[in-house]
């Protein structure tokens, strides 16, 4: 048992690939806990960031600056009575949230936090993720149908049509990114001589980007970026967020498919939604923004740059700690607030400690990959909230029109042009040869 | 609730459905109840939608949840006592209700408010028009999905409410005017503060436009939705920004000026094809026009008394008059029948929202559920005024 | 619950006195003499010593007969139907028979261009025996920027042809008049209560309907509580 | 067309919301700690003024305020003092459960004894203490100090 445990540490394969099921279990638990913590954090960040966009404060009462709000929400949702509507179809009603959470989390086993930090490295990574995330639609339809009332029914039908139609656009954008993995040229416009073999595995995709010294977002500049843009739009529609949040449009359908849910079941839906957001933005980060690679790995190579970039995560945490101390100092000097200020000082101290640990050279190297990946996903989360604050909602038929008539043709176009761009040297050679 | 054998809505309903279906709810139709407690019906309005999938076949509005019998109360209060009740009808534009009521009674007793009072009244009513349009813009954008304009508009509206509070003591139900003029002299620094607020507002209107006017999602959600042309508006008695957006250049402040509006020059924004986008543009332009009026009024506000000589115990001569003003929602009219006693014999109030809401069914037919919400928002109805 | 603080001791000016000293208004508006004969009941003697009787009010504005060629045309056609056309405080109005009402409204809309029915309301005069209700149509012409009031007088229980055909806006206005006064409008597509609940009995804006009165039976059935007042 | 491709309109909307993230723009007022500034003419809880030196009420029980109130919420009981032949205020109740704070009573009061103060914290735990008697009216507002 012990050697199985230590045996893996030296290998540079993912636990799944190395066949070490124990470590795979540990990774699964780590990811599950990590994503749940991420959902709690995201709950707080969404409320605060959305509030600041809207010139208000967001939760301030529960804990210093509302930090205990997610915990309060969780407890509230746990203790709230779990209502099942009278005419509801009990089994399907019960199964729907479980199904949605199931699909939400299983997509995460392929997400590459680092060269070896993924539960397993399937060679069909992307295809697996797309397949599982499209299963999530089934759960939503089940929820809508089982609630046996008008609004959820309409909400679930809408969201199923929406997710199906945006999956097409998403798939095509991904295909054009996969195609790029088969090129072997260097730099932004290098197409390379021999036609390499493309890969679907997430870790190989990042390796390909490392090999080509370019993030696919910048490959053949406008093409990569357009594909990334299409994916970004489709991913928002996939998770029913921001301009495309029609299924849960409060102003029309009250709350869409999860109207009749309450208490723990409702929180499962929220958990699944945030997990889905995490999964989809991790695909975007891996495919286009070079997974765990730090920015400018080649242009700014050399030890000094390596050192500088590896300090960034630690420095970031220290910055957060300073912010915490500053806010703790600014807390009102009220008797009742004293506990909260103490709590904030404590939190600031903990974050500072973690930041310092991250700066130790031994630790620094290991966590560099994970931190860069999480930062990129964090950027996408910020985008989600930003869109939600600014944009009005599309109407259902316009949403379909955008999905089919705008995204799909553009995605096809990008696909073809990338193909041609990738094969130019061979085409030239062929043309020269033929003449 | 809706009995079975009768057709759902009115005569012409029968033609386009061919023979009447025997069972009330055959498979194609879904009766959806946008009930009184719906997030986007501005107040307690219940709309029964007959849907074919998402398309709206017909609507029926059930109102009366907020009916407080203002007209019956009007018959049992003296003229001065009734003024506070008027504020509670269109609670978003209380000052203009008060102005309508006071000018109507002044016309009845043939008294003219002194010029200074007229100027103060114009300033307060135009400020209230801006505040009312801001509430409309905030909630209308919220219905179509954009959450943030609501907070920006309400923050700017707060400045206006502060002025009201400083001037007459209340923010919403102001009861600022009395029959014959204004009750309060302007507090010192009133003109300076109004000017400061106008200067503060101008760039903020630009921001609303930047957030919404050119935003493609907003344009798509509002262009061509809920069309009404000029003649339909006139036939349905629709007034206010909704009428002006359909191309009819008619504004009571210009057509039949009251309370000194003829002294200010401002123009009336007019739309062309009377859809939700045009109504949005008309109201946004009206914001700028109101600012123009306020600046002119504040610049040359005359000195002098603020209350005309009106007997404490007011007994108007026997007779009846109809007087209407341009409220932010449309033409707000008062038909007062007096029998010479202390209390009006009949106090009829013609609410713009009640009549505008009638046009909902014609505008919404054939649209989707999401558009019903947008059209209710663009009609800018306030249920306090609809139900009286 | 604290004793309901609405003692009857408050002076009559506030509450609704049992017998309304309303002027016995024959044809509205009466000429000057009849208004001065109204019993000038003084509110309860205020604390100050009795004020001398207010000096006779200056002559109030008096309705002046109003005439123009359109009215002339109407009069030649329906001489008896048009009871009175006059102007009061600058607002001209005409009183017509119920029988020829729709034709007159139709003429107004088509010939004179009064294409906007501003308001349709009713006033209840319980004292008049044959003409208890007076239905008022307020019309406005966009072209001429003019307002006119067309009024008819009907007895209790009589009904009036609906104006929905001429102006669709009359639909809800008539429903409200029916709801508040109980006047039926023939030809109205969907005449039922608009503001009050459907099962409500009684029409509130009638003069004999007290201000605190509620349909106790409806409240009992639907809300299951003792009527609030 | 070009602007449509590069989504200029969406980006401008985003810029506006981004600009408002600055903490300086935050508009919320944390109520119990930060109290709003109330205007001097604010019409809040009614208060009976007392003659500063003699300490007895200024009200001459002329009953004008009771007549002016649209909702008839004020009841003035007074009896005639045999010696000075003038009415003396015995009891004065002001029921604010249905009061609209319209200020008509304040205007009608000839000796400006009755006045609407600037107190806006009028909520009570029972309907009974919404009926203010003379003592409460003279005491005037006493803002409660919230700690939480």
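Read from first to last, the chains carry the letters A, B, C and D; within each, the first residue is number 1.
By definition in this document, a residue touches a chain if its C-beta (ideal position, glycine included) is under 8 Å from a C-beta of that chain, and two chains touch if they have at least 3 such contacts.
Every value quoted in this text rests on a predicted model; they were computed, and no experiment measured them.
Q: Based on which chains touch which, give the shortest step count from chain B to chain C.
A: 1
Q: Measuring from CA centroids, which chain ends up nearest the centre of the complete protein set?
A: B
Q: Using C-alpha centres only, name the chain that sits farthest from chain C.
A: Chain A.
Q: Between chain A and chain D, what distance separates the C-alpha centroids? Give it in angstrom.
A: 52
Q: Return the distance between the CA-based centres of chain C and chain D, expressed in whole Å.
A: Centre separation, chain C to chain D: 38 Å.
Q: List the centre-to-centre spacing of chain A and chain B in whole Å, with centres computed as mean CA coordinates.
A: 46
Q: Distance between chain B and chain D based on Cα centroids, please, to the nearest Å.
A: 27
Q: Among all residues of chain C, which ones touch two or more of the remaining chains?
A: Residue numbers touching two or more other chains: 13-15.
Q: Two or more other chains touching the same residue: where does that happen in chain D?
A: Answer for chain D, listing residues that touch two or more other chains: 10, 13, 16-17, 20, 27, 69.
Q: Residues of chain A that touch two or more other chains: which are they?
A: In chain A, 53-56, 389-391 touch at least two other chains.
Q: Would you pull the chain D residues touching chain B in the complex into a rising list?
A: Its residues touching chain B are 4, 7, 9-10, 12-13, 16-17, 20, 27, 38-43, 68-70, 100-104, 107, 116.
Q: Across the complex, what residues on chain B touch chain A?
A: Touch list, chain B to chain A: 30, 32-33, 38-40, 54, 141-148, 150-152, 155, 211-212, 215, 217-218, 220-221, 368-373.
Q: Which residues of chain A touch chain B in their complex?
A: Contact set of chain A toward chain B: 50, 53-56, 150, 154, 243, 245-246, 249-254, 388-398.
Q: Would you mind writing out the residues of chain B in touch with chain D in their complex?
A: 77, 80-85, 88, 148, 151-152, 155, 158, 162, 165-170, 173, 175, 183-184, 187, 207, 210-212, 214-217
Q: Where on chain A does chain D make contact in their complex?
A: 49, 52-57, 60, 332, 334-336, 386-387, 389-391
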